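Each structure below is given as structure tokens.
The two complexes that follow have chain A in common; it is paired with chain B in the first and with chain C in the second.
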Partner chain A sequence: MEHQLTETDGVRVLAVHGRIDVSSAMTLRDLLGAQIDSPAARVLVDLSDVALIDSSGIGILVTAHRRAFGQGANFAIAAPAAAVARVFAMTRTNKLLAIYDSVEVGVAAMRRG
Partner chain B sequence: MATLSERPDAYLYVAEPGGRRLHLEHTKARPAADPTRMAPGPLMQTLEGGAEWSVPTPPFEVALGPADHHPRVVTSPVGRLYSFPVVDAAGELTGLVQAGPALGDDLPAAVARSYAERADEISLVLAVTRREEELRSRLASATAQVEAGRRLAGSAVDVERLVALLLDLGLSSTRSDAGFVAISGEGRDGLTVRAASGMPDGFAATVDLSPDSGLFDWSAADGGALFLRDVEAADAIGIRSLLAVPLLTEDGQPLGVFALVNFGTGEPLDEQSLDLLEAFAEQIRLMLNNARLFGTFADRYLTTVEGLARALDARRPESVGHHDLVSDVAAAIAREAGLDEEEVDAARVAGLVHDVGLAASSDGGWEFDVEHPSVGASLIGHLPLHPGVAGAVAAHHEWFDGWGFPQGSRGEDIPLVGRVLATAEFLVEMATPDAVRPGRPAARLTDELRQRRGSQFDPRMADAAVRLLDQDALALPAAPLTGRET
Partner chain C sequence: MPDSMTISSRVECIDDARRWVAERAQTALVHAGGTADLELALTEALANVIEHSYAGQGAHEIRVGTEVTEDVIRVTVRDWGRIADARTFVRRDLDDPGEGGYGVFLMEQLVDDVRRELPPDGGTLLTLTKYLRTPNERRRS
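After this line comes the complex of A and B, so read on.
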């Protein structure tokens, strides 16, 4: 799993590339843990280049979401590919996460929030 | 030898186990039109309308008497016959050969010699016949057990097997290394692995699937959302990827989890794999849902049947609590006789409903009464219960020697739990006082059991019941130590 971190309008955008599974989940957890560091943090994960995610990757995202919510921070996901969006639906985690269709929509929403 | 073999009619009777009666096994007789047959008597002509007359038939069953142990001349519906005992190597009478017609009231020495020369051969043939009969009986019993197993397989066992099959198909079609299906308990206290393939040894027994701290985070409060909580635990057993989907009822209640696992040698999941995963998950979900619905239905139905049985008991003051008593006593006898716990429970359940077939009797008449075991068994035969339950209800009036009803089954042809139930109901009936007689005391019950041991009751069950009575370990109605008995 590769990644890039950028910041747009105060929103930290973490673009992830490749697959998110057990072998990469702990790396993702460390990355997100470092970014959700204050109540002011706004973190958006760009999944547009993620081919597939498994239950461990979803677990990291849900945990990050809960951690951000607990701190008063803002956390969301953007642009999941069809297969990834389908996994969210199959595991019913799509209701737990804030998911935007694109990075631009996500950044705009988080900037306002 | 020629003297006996020249007899044109011959009948072979085989003794039943216990040796009190003999059944006609084989007949060699002249045809009806044979001119050497005796002419019909006037009574026979009248009965047959005078136009034709039938070939007289020998009795299909005869009682064994002391005289049968010796060669003699007997009178039968087919005329006078020479009768010879067939004795096995142990000296036990195993059958009778009757041949005729006899020429007079006495057994000629030549005929007796002729039979004696063939006695060993006949005894051997009869032994083979009996062995074949025993094998047929065992085969029938085994077939019945297989059928009962199939019935049972309609419930829990079958679900487990089919879930395992669907899991294997799911793994091979998605080219995954491994997978498992975990099923939630009724009380939603966590998940239990019910089928696993390719997972490490001991995985099913050791994996923590508790809702609060286990491998998965899965909460109905979150709409049934499911994800991996313990990444380290998955990593520790070498899992590279794991995709688990929740299995829910139509109204969102948790049924279980279906998980595909890769350790690095299988194909990574792709979008096509998701199609397959979804399809297999739906099949497993439907199966678990149906099994749960049927299980709930069966529980409620059985409760209704038990209630019906108790309502029958309440029709007469002396029978109040009868089914509960029989249930307790049957379970105690089953356990004392060494039956396994599933059979003990089958005896308990059978006791609770054994006479429910009487509910179908509007007038309590004898004609229907004798069928009440079959009717009762038919009321519960379709339920996913231990097969011993319906079998016991059907057989609780059978006698070990074959003189019971409705089938007249005997010995080990009677289902094991049925033999328990027959003994238990007898004890409860005897110990319960009614309008015309007091309940029998324990000593009298013990005497009755000993007298009927091997005839009415399986000796194993009778002995177990006697031991329990000796220990005062049966919850029978309180009976006076002395009192009027009828």
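After this line comes the complex of A and C, so read on.
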């Protein structure tokens, strides 16, 4: 798993590349923990280049969502590929997490929010 | 024809097994998404073995096998570690999302059959079976 962090209109966009599994989940947890650092934080995770996410990755995203919610920060997912979106649907975490169709739509929504 | 490879019980080795199985599945599976499903089910199975059967210790062996027949692809995961009691596996209540408990559920959703056997020489043999054709395709043939 690799990543890039950029900022657009006050929204921190974490683009993740590769596969998110038990070997990389702790890295993702630390990355998200560092970014969800204040009530003003707006963090969008770009999953467009992620081919696989396992149960540990799903758990990390749920935890990040709860951490952000608890702090009053804003956390969302953008552009999951079909295989990854399917895992969100299977686990019903798509009902909990804010998931946008694209980074552009996500940034626009979070900029306003 | 059955085929197998061995990895160490370390999470960093899961990707090696996943790629090896994906290569075999891609030539056998005819419906879209089947290989991705098998890769994820295998990931969950191996993570369980490393965490539970071998308690996170990386010096043990896990043998991963594939067998392709006319109708199915079977992926086997063989370990010689502690035998986990399947009744104690944590299962996530899907109406209460949380950090853990999705692994076994996902594995069972992603393949058509999950079989757990206890071989006489110890450890566990897990077999993940995925049909090569959809139910409609099987009915038509």
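Here are a few things to note about the model shown:
Here is the rule we use: the second predicted complex is superposed on the first by the 113 of 113 C-alpha atoms of A that agree within 3 Å, B and C clash if a C-alpha of one lies under 4 Å from a C-alpha of the other, contacts with A are read in each partner's own complex, and residues count from 1 in each chain.
One rule holds for everything that comes next: a residue touches a chain if its C-beta (ideal position, glycine included) is under 8 Å from a C-beta of that chain, and two chains touch if they have at least 3 such contacts.
None of these values were measured; they are calculated from a predicted model.
Superposition of the two complexes onto chain A shows a clash between chain B and chain C.
Using the contact criterion defined above for the overlaid structures, shared-chain residue A:A78 touches neither chain B nor chain C, since it reaches no partner.
Once the two complexes are laid over each other on the shared chain, residue contacts for A:S55 go to chain B and to chain C alike. Where the contact sets of chain A with chain B and with chain C meet, they give residues 19, 21-23, 51-52, 54-56, 58-60, 62, 82-83, 86-87, 90-93, 95-96. Across the complex, chain A meets chain C through its residues 19, 21-23, 51-52, 54-56, 58-60, 62-63, 82-83, 86-87, 90-93, 95-96. Across the complex, chain B meets chain A through its residues 216-217, 222-229, 231-232, 234-235, 239-246, 259, 268-271, 274, 277-278, 281.
Across the complex, chain B is touched by residues 19, 21-23, 25-26, 29, 51-52, 54-56, 58-60, 62, 82-83, 86-87, 90-93, 95-96 of chain A. Taken in their complex, chain C has these residues touching chain A: 11-12, 14-15, 18, 33, 36, 39-40, 43-44, 47, 50-51, 92, 94-95, 97-103, 105-106, 109.
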